[in-house]
Amino acid sequence: MRVGVLTGGGDCPGLNAVIRAAVRKGVQQYSYEFVGFRDGWRGPLEGDTVPLDIPAVRGTLPRGGTILGSSRTNPLKVDGGIRRIKENLAKEEVDALIAIGGEDTLGVAARLADEYGISCVGVPKTIDNDLSATDYTFGFDTAVNIATEAIDRLHTTAESHMRVLVVEVMGRHAGWIALHSGLAGGANAILIPEQRFDLDEVCKWVESRFKVRYAPIVVVAEGAMPKDGQMILKDESKDSFGHVRLSGVGEWLAKQIEARTGKEARTTVLGHVQRGGTPSAFDRWLATRFGLHAIEAVKDGDWGKMVALRGTDIVRVPLTEATAKLKTVSPEEYKEAGVFFG
Amino acid sequence: MRVGVLTGGGDCPGLNAVIRAAVRKGVQQYSYEFVGFRDGWRGPLEGDTVPLDIPAVRGTLPRGGTILGSSRTNPLKVDGGIRRIKENLAKEEVDALIAIGGEDTLGVAARLADEYGISCVGVPKTIDNDLSATDYTFGFDTAVNIATEAIDRLHTTAESHMRVLVVEVMGRHAGWIALHSGLAGGANAILIPEQRFDLDEVCKWVESRFKVRYAPIVVVAEGAMPKDGQMILKDESKDSFGHVRLSGVGEWLAKQIEARTGKEARTTVLGHVQRGGTPSAFDRWLATRFGLHAIEAVKDGDWGKMVALRGTDIVRVPLTEATAKLKTVSPEEYKEAGVFFG
Amino acid sequence: MRVGVLTGGGDCPGLNAVIRAAVRKGVQQYSYEFVGFRDGWRGPLEGDTVPLDIPAVRGTLPRGGTILGSSRTNPLKVDGGIRRIKENLAKEEVDALIAIGGEDTLGVAARLADEYGISCVGVPKTIDNDLSATDYTFGFDTAVNIATEAIDRLHTTAESHMRVLVVEVMGRHAGWIALHSGLAGGANAILIPEQRFDLDEVCKWVESRFKVRYAPIVVVAEGAMPKDGQMILKDESKDSFGHVRLSGVGEWLAKQIEARTGKEARTTVLGHVQRGGTPSAFDRWLATRFGLHAIEAVKDGDWGKMVALRGTDIVRVPLTEATAKLKTVSPEEYKEAGVFFG
Amino acid sequence: MRVGVLTGGGDCPGLNAVIRAAVRKGVQQYSYEFVGFRDGWRGPLEGDTVPLDIPAVRGTLPRGGTILGSSRTNPLKVDGGIRRIKENLAKEEVDALIAIGGEDTLGVAARLADEYGISCVGVPKTIDNDLSATDYTFGFDTAVNIATEAIDRLHTTAESHMRVLVVEVMGRHAGWIALHSGLAGGANAILIPEQRFDLDEVCKWVESRFKVRYAPIVVVAEGAMPKDGQMILKDESKDSFGHVRLSGVGEWLAKQIEARTGKEARTTVLGHVQRGGTPSAFDRWLATRFGLHAIEAVKDGDWGKMVALRGTDIVRVPLTEATAKLKTVSPEEYKEAGVFFG
């Protein structure tokens, strides 16, 4: 058995841990051979490969990023894309393909498996934690830890100067990073894409915090939007999956708060530091187990499936189901956090 | 409604987060009053209290330990213990008691609730993660992160000197910390209390690692024991719950490995650093949610119950059920990790 | 002897350590009394004080920010400012004043001591490390560690996507944080305010990095400027010392690099996280020693002096001398780093 | 010019940063060639080499340990050792040798340079910071940060249980790590090898801490000894430089404190975690500059010299002078810290 592996979409701490675990188990337990495809779907599309064996994955467990490279290439949008992938898989004598990625990468894998008979197994990856069918995705815990540590640091600056500090974290469509880091960091307001925020209410929370002689921290997901629909988003570009890149809500919010409350406000946009660097222990554990179970799925010939976390168990779910619906913060979960606002 | 709160057993990152969340929600949402009992069950036993309100819990979210103090006092072993607790609860006009603790502390709470009609709600706490009925307990993730970071550091020393490094982590009866930190840290052997280890096999793993010019890390839980039953444990003392304190397996193991393989071996005993200091983001989030849901249980008058994590949900389970059985690493989970040994 | 203490200017990890050490030594060794003035020079100007004794400073060593608050109030710009300060010091029966701050705060202290006979001792504080007369100021090491950790994280994202990552760090007039974190983080270009950069050269470095299949990290101080004098700075506001707030070089640079090299480029602005949170061990040690030696200066009646680090010794220098000249990165030091560019 | 590089003695965060900087500067600026010798003096003694060029050092800056390996081999104790080293250097066409190490490694380099005409340049390395002639050695700052973080964590456990926590840190002959981490961590007693401690006094400090309802942390260097000369050291082994390995003062001290004060006491021995893992920003900066300046010394043919830190400058000093005298904590520096005891 010869297994191809690729990683697609934005990088995420834990990708190397998945690859390493799959290779270790495949080689040692089942004597599989492996080949790495470079830069997501671009690899099988263009036949761009790297050798993948146990020496190649040594020492990669604590390293962020992906040794295979990544891209947002969508082969379904490329003329003859499917045919070229099939040819290159055949040329490399690949019997099974493990695709590690988010909604987009796995969506392609689902179609290749279901419509074109390619033996694909998926491993879910999204730093935003917004894939349904799995309790958590790796990378998310690392991002939340980094954001929480930043909020911890910002508290002392806020208190020293009695300023409002707005922290913009990742999360275009789902507020998981904002919700978890906001709760863990003791934020006085958490704003998420799932629920439009009311500027008056935010300002009320800000002011009530100052009344007890403390300074407020406002955590805002990059995709959060104000209630009155005021246009704050700059359309920068679209990728090949048609996703728009947004930016600017944190900066905008600080200015609005300053104008309305008369308090100094500053913004910190955490940006890329949230997705880089060494994975947390949880993410290394989860990614490692995903890699091990992906090999089990390959061994079982269980194509078109994705590994997923349910409680403390790793299970398999259909790729189509997994990518069908975005997992967002429910109104109940958001309301639960509300007791800490203000 | 006046709610008493106590924390019992070994300290654990996240205890303050539970207390803070309970007080915030109780005061703001339901206008409850709170009173803190000092040092676990010693507090209600001796009527030793501290004021507990919102200002008292401010700034405690990121702080390890417990602002209420802790002890291993077992009131069931004290003459007239139950009576004295009832009297002190009455004197303090306490309508409900939230007990935060492990098997021992919650075992007392279960009996007080079920046999003596005291309105108790439990919050599970064990750094060892060995309570059944909950997927995770807070403190565990912090301990695993600390142990993993230590293992990361020890790898470079092991490689530089081509030495065996034995890391002894917490876990008397359950190997969860060893299993998770060993997997996350890339250990070459993980030894847990659930399964007696074979010294010959450990030495074989050690030697196979040196063959590829790498140096091995052996992670051993403090309660792990060798197969041949050789007595390695020093009985130091017993606490009031009759638990024996053990020590020494790491040191002993390094000597055995050195003697059998001829390779230099060193031991690091992580000890108390695993349970102190600021909680990880996950533990702050979990502890906070436990605190919020404990108040909901109080509001519902759902006595004799414990909050627990199932997947991403907080549920309630009977205290008796929760403390009935130790949650240990299953043979399957241990075997899954075995692919990385050697 | 009754000693007043104030902290002025931007907050900085280590301020509390100075205060704590001064109070501990003053109270225990010399039986001094202390009083804290709130928010820098606003405190003595308006007679706004807080009690300051050993219990007040307990537990503050690891905490960032300042328990006394801070501001950029300049009493020399306030009508009758000096008179009001003298009156309030007399009212509080303050015999000596310890002013902890940067160029501005210490500049006021120097004039109060030299021209108005107020018994002032200074402790230097600047996260930018740009005060002459001291080898290092506390806060700087913490900021460099935070920036370095961020650069470590960004490397993996840059490699995974083969992108340019621009990291904007603090440093309006001096490039110390950029130089040290850039060297420590393995940056491929470091741009500082002391030397105007050449965009063509920066792009050459960027391209040469991609040629060896690695992705470049560009570290840029917020005050760095391009050679051709292109206006990139947004004048946001001026504080009472007349300092202009700048912003935007990182964002601008990424766009220029993208346009000129055709490579994707992203910016991360570290911002306030660099100055908040728990101080590094070095900063706690340095700040503690500054506090201890400030009390020695008070005991010696050595007014108009500032404590300073020379090698591993704490010495005293005249406040006027200390604040006369900005300490900037020399051309030799910058050239030394150049071997790593590209 | 062909330059040999070796690393000797205990591993230390920053070794790879020295090697990388030397290679980068040597290759790019002067077109030098490099060869690595394995495992300290064993490399040139046995002619055991590894290729050393820019690709070999890529990515090593943040990595602890040494890519060249290390050992405590003393070639002066080996029959014909000098002759064999000369032969192997000639065989490898090595024109200059950069020896990175502590007292022992540099002592050999000094004799090779001064007595046998071998073109040696030294780079000082000791995690204990006990080399005279340099303000700091790299690795020390990392060790102090790790020890301080551990002390931070132990405070919360000590407080929660009102226990004494004894932390044993590195330092056989010099108390620098104990002094700096003890000051930075807010220890209530710091015991160093330079000054025998009085158990009665230590117990007095411990008890005075409990009186204010806080729990004490005692930091003890592994080489600290009690006043009454009670034998506490276990002679484990001697290395080829005749150094005895000691152990046990922390454990012993906790038992003594428990027996004398009646308070529960626990010990944490930090051990090898202090010397492994990624270097702090300061150590990366210092090690990098040492590497750059070692190449300058090579270029100048300044044999028998060692690079050293003086204030913020890198200077050169004779190797003989540098290794002649141990740098220990002076009575004044120790006394300065005493204000925090108790």
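Chains here go by letter, A, B, C and D, matching the order in which they are written, and residues are numbered from 1 within each.
The working rule: a contact is a pair of C-beta atoms (placed from the backbone, for glycine too) under 8 Å apart; a residue touches a chain by one contact, two chains touch by 3 or more.
The chain list, named the UniProt way, goes like this: A, B, C, D = Pyrophosphate--fructose 6-phosphate 1-phosphotransferase.
Not measured: the values here are computed from a predicted model.
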Identity of the chain that, by mean CA position, is farthest from chain B: C
Distance from chain D to chain C - Cα centre to Cα centre, in angstrom: 30
Length of the line joining the C-alpha centres of chain A and chain C, rounded to whole Å: 35
Multi-chain contact sites of chain C, meaning residues that touch two or more partners: 152
All touching chain pairs, where touch follows the definition stated at the start: A-B, A-C, B-D, C-D
Interface residues, chain D side, partner chain C - complex: 21, 24-25, 28-29, 58, 61-62, 135-136, 141, 144-145, 147-148, 152, 180-181, 183-186, 214, 278, 280-282, 284-285, 288-289, 292, 310-312, 336, 339-340
In the complex with chain C, residue positions of chain A that touch it: 10-11, 13, 15, 63-66, 69-71, 146, 149-150, 152-157, 159-162, 165, 266-269, 271-273, 275-277
